[in-house]
Amino acid sequence: MTLKLSNAQIAWRAAQDIADGAYVNLGIGFPEMVAQYQPPGRHAIFHTENGILNFGEAPEKGSEDWDLINAGKKAVGLKPGAAFFHHADSFAMVRGGHLDVAILGAYQVAENGDLANWSTGPKGVPAVGGAMDLVHGAKRVAVITDHVTKDGKPKLVKRCTLPLTGVGCVTRVYTSLAVIDIQDGHFVLREKLAALSLEDLQAQTGATLHLSGPIGDLVIPELSDD
Amino acid sequence: MTLKLSNAQIAWRAAQDIADGAYVNLGIGFPEMVAQYQPPGRHAIFHTENGILNFGEAPEKGSEDWDLINAGKKAVGLKPGAAFFHHADSFAMVRGGHLDVAILGAYQVAENGDLANWSTGPKGVPAVGGAMDLVHGAKRVAVITDHVTKDGKPKLVKRCTLPLTGVGCVTRVYTSLAVIDIQDGHFVLREKLAALSLEDLQAQTGATLHLSGPIGDLVIPELSDD
Amino acid sequence: MDKAFASLSGAVAGIEDGATVMIGGFGGSGAPIELTHAMIDRFLATGSPRNLTIVNNNAGNGHVGLAALIEHGMVKKLICSFPRSADPRVFTEKYLAREIELELVPQGTLAERIRAGGAGIPAFYTPTAYGTELANGKVIATFDGRYYVQERWLKADFALVKAHMGDRHGNLTYNKAARNFNPLMCMAAVVTIAQVSRLVEPGALDPEHIITPGIFVQGLVEVADPQQEELLNRAGAQYP
Amino acid sequence: MDKAFASLSGAVAGIEDGATVMIGGFGGSGAPIELTHAMIDRFLATGSPRNLTIVNNNAGNGHVGLAALIEHGMVKKLICSFPRSADPRVFTEKYLAREIELELVPQGTLAERIRAGGAGIPAFYTPTAYGTELANGKVIATFDGRYYVQERWLKADFALVKAHMGDRHGNLTYNKAARNFNPLMCMAAVVTIAQVSRLVEPGALDPEHIITPGIFVQGLVEVADPQQEELLNRAGAQYP
């Protein structure tokens, strides 16, 4: 019995909501896994903010072209119909509302849709990259994340305490325990692991989970996490 | 003895001040003549705001490509090193200060550098095109014009009475009688036709002509005006 | 993914009464005449679309393309920079009779407003038109001691553009100076429809040479031998 | 017209102490390493240029290129979006020791500010960073009921970029995703110097395929087999 989804499983669940032909930006790191789990017959077009549409798998190790990389600076390949463009055009796609969905990681998501995913506070070297741009403009901004932090604290909170990436921008959160929409300043529970009681889920969540219609079972195939 | 320069001669004089390799925009109509009179050995690169750098002469009649036109919607050709670009990039060149010189026609030029060249007043259909963009950004904005209107009124005036195209933008005026700089809110006479007295020139000018250094003779070869 | 329409009529079927429609081109160069005529066909058959707000650099020439659209009374308002042409009579008469509204915008400001619409920039400052009557009523600000005019983005419900090659993902190239406003308008409309001289499969265009990436295009239709407004007008054509 | 320099040293000879220099690239992709190293050579020989303000997406990686520039103490201030990399130690140590100033800018805002500098747009509004600490002290305005942050243009004295092909007029093409910030920086600097893998004669590049028109480029120099930062770092290189 699943107590908690693996990252691969969270990514799989998020991938099920991406329509055929959608234009999608996946945040650096964990969100990149979403690309692997497109349902058969669906082909999203992936955007990387450094200037490629419709990139794909990297070539074999040793034959990489280091001018052909994604936002995470990993080597990638191209699919038929790919296009290159400069950074201003790339962020015009982002800011101008042309992406269908952006899927990002999170430190905290608040019930008002605020997202904190760029800084854990004032120490060290701050670095923002495209995070603050990506939360604005995409028609749908979704987050994939563990439901709680490594030390068990809620990541879904009433108000973010970490520095914000964007205000009121997230509309859906895929966690290791549930799928939760953000509507009118509330968390609205859509799916949860069958074995988990609503009370247990609420106890691990930093703000009230609202109900609106039936709660689906969050059923995910077994997947290896690499 | 020349009483007044022809349009071709005014254009010739303006062309002498364009350096080799300069990026130049010539206004629609009369200013386009300037391109014909580049001194031997000098090659300016001409910009047309609809999206070409380094265009040249039109092909023969009947073999025009109507996708290859200039801002005046005349068919043109290309020189080696030409480039195409869209309108936003084209006006980035204009507004961003990348052109070395823009040469425009005028209804009126004022001693403070104001230019009126787009509208003769509220009647009829107003049309502005790129005139208001071109007067900003080019490193040097020059005007070529008859010294007076068809009915003998000064076109070089104290303050423009016609609707303005731009404020304080013109730095040199090439007229049918003289070459005049605009400096610190004054007309400064640089060259005039030898046969014309300073008094006669002043009488045909709507604001005081200042003197600063020697006045050159405006000597232009005979040119046909077609 | 296949964004291609089988017919011109299908391509323009979704344009509603009252829509704002950007039409590409600079004069006849890059003007999507066949798409424009398809709108007229639909209007003559069904009475729609009408009350359109059209964004174009010009106001039509002769009696084809945009001029024909205006002549048929489909246009309520025109946003343009230069409503003059070799034969501007159709627009001129309606304008002087107050049957059509005009918003006159400097050409570079028009281009930048459209780009801003596509890039999610709601407003920007430009030196263009400062101190002129075209800045009347606009916000003025100084930066580094110089005056600038605040301009707003321009967006549209539809953009109709003319491209040269297009693949089924909507990636486009253009022919020479026919590029002009077309790539910008693709960015600024909810739905962009491109007519292309050659429709090709994804992968047929070099990713380095694509001018409009497919994300900015929602539909395309092949018009193999598109007409040139200039030649139509020289032949005295009128549509239909 | 021939904008080509015969040597890298000649190409960077004009960069003065205290200059603002934009350096193209996203990480190593499109980074003009040879031009950057030519600046270091000159600094080691003459003590100039120093006190530079550098604009780049990142803050260097390992001990080559931008990282080496920082390591040699030539950089006073960095304007960037993401001062992290596989090996960011050079910047990190100087930053934590307060030996280098950092202006952190969201990546899309950085790109747009540079484009604005090139396009003569002194300021624009963006939704990016609204409500975050990166908007602190900035002008906020509402348009159509939504909040936006006012951002200013970014210009430079010099831009150093890496292109693929370049002709003697300065027309440039790029290689794949190495395009990134390079075409924007070309627009925003008083003097843009491009290193190109192949220098060709005017007319050799198809006017349809030119990404940066030559008007935005003041000098170029051929570097036939440019190094890739990624490979240098994997080999543990340091410069010089």
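Details
Per-chain residue numbering starts at 1, and chain names A, B, C and D are given in the order in which the chains are listed.
Here, a contact is a pair of C-beta atoms (placed from the backbone, for glycine too) under 8 Å apart; a residue touches a chain by one contact, two chains touch by 3 or more.
None of these values were measured; they are calculated from a predicted model.
Common neighbours of chain B and chain C, listed by label, are D.
Across the two interfaces under comparison, B-D and A-D, the one joined by more C-beta contacts turns out to be A-D.
Averaged Cα coordinates give chain C a centre that lies 35 Å from the centre of chain D.
Chain A and chain B have Cα centroids lying 56 Å from one another. In whole angstrom, the spacing between the mean C-alpha positions of chain A and chain D is 30. The set of chain C residues that touch two or more partner chains comprises 112, 115, 119-121, 126-127, 174, 176, 207-208. Contact of a single residue of chain B with at least two other chains is seen at positions 52, 84-85, 88, 91, 94-95, 136-137. Pairs of chains meeting the touch criterion: A-C, A-D, B-C, B-D, C-D.
The residues of chain A lying in touch with chain D in their complex are 48-52, 65-69, 73, 84-88, 90-91, 94-95, 114, 124-133, 136-137, 163-167.
Every residue of chain C that touches chain D in the complex is listed here, in rising order: 112, 116, 119-127, 141, 143-144, 146, 148, 152, 173-174, 176, 207-209.
By the touch rule above, chain A contacts chain C in their complex via residues 20-21, 23, 43, 45, 47, 52-54, 78-85, 88-89, 91-99, 136-137.
For chain D in complex with chain B, the residues that touch the partner chain are 1, 115, 117-121, 167-169, 171, 187, 201-203, 205, 207-208, 210, 213-216.
Put simply, chain C touches chain B in their complex at residues 26-30, 59, 81-86, 88, 91-92, 95-96, 102, 104-112, 114-115, 126-134, 147, 174-184, 211, 228-231.
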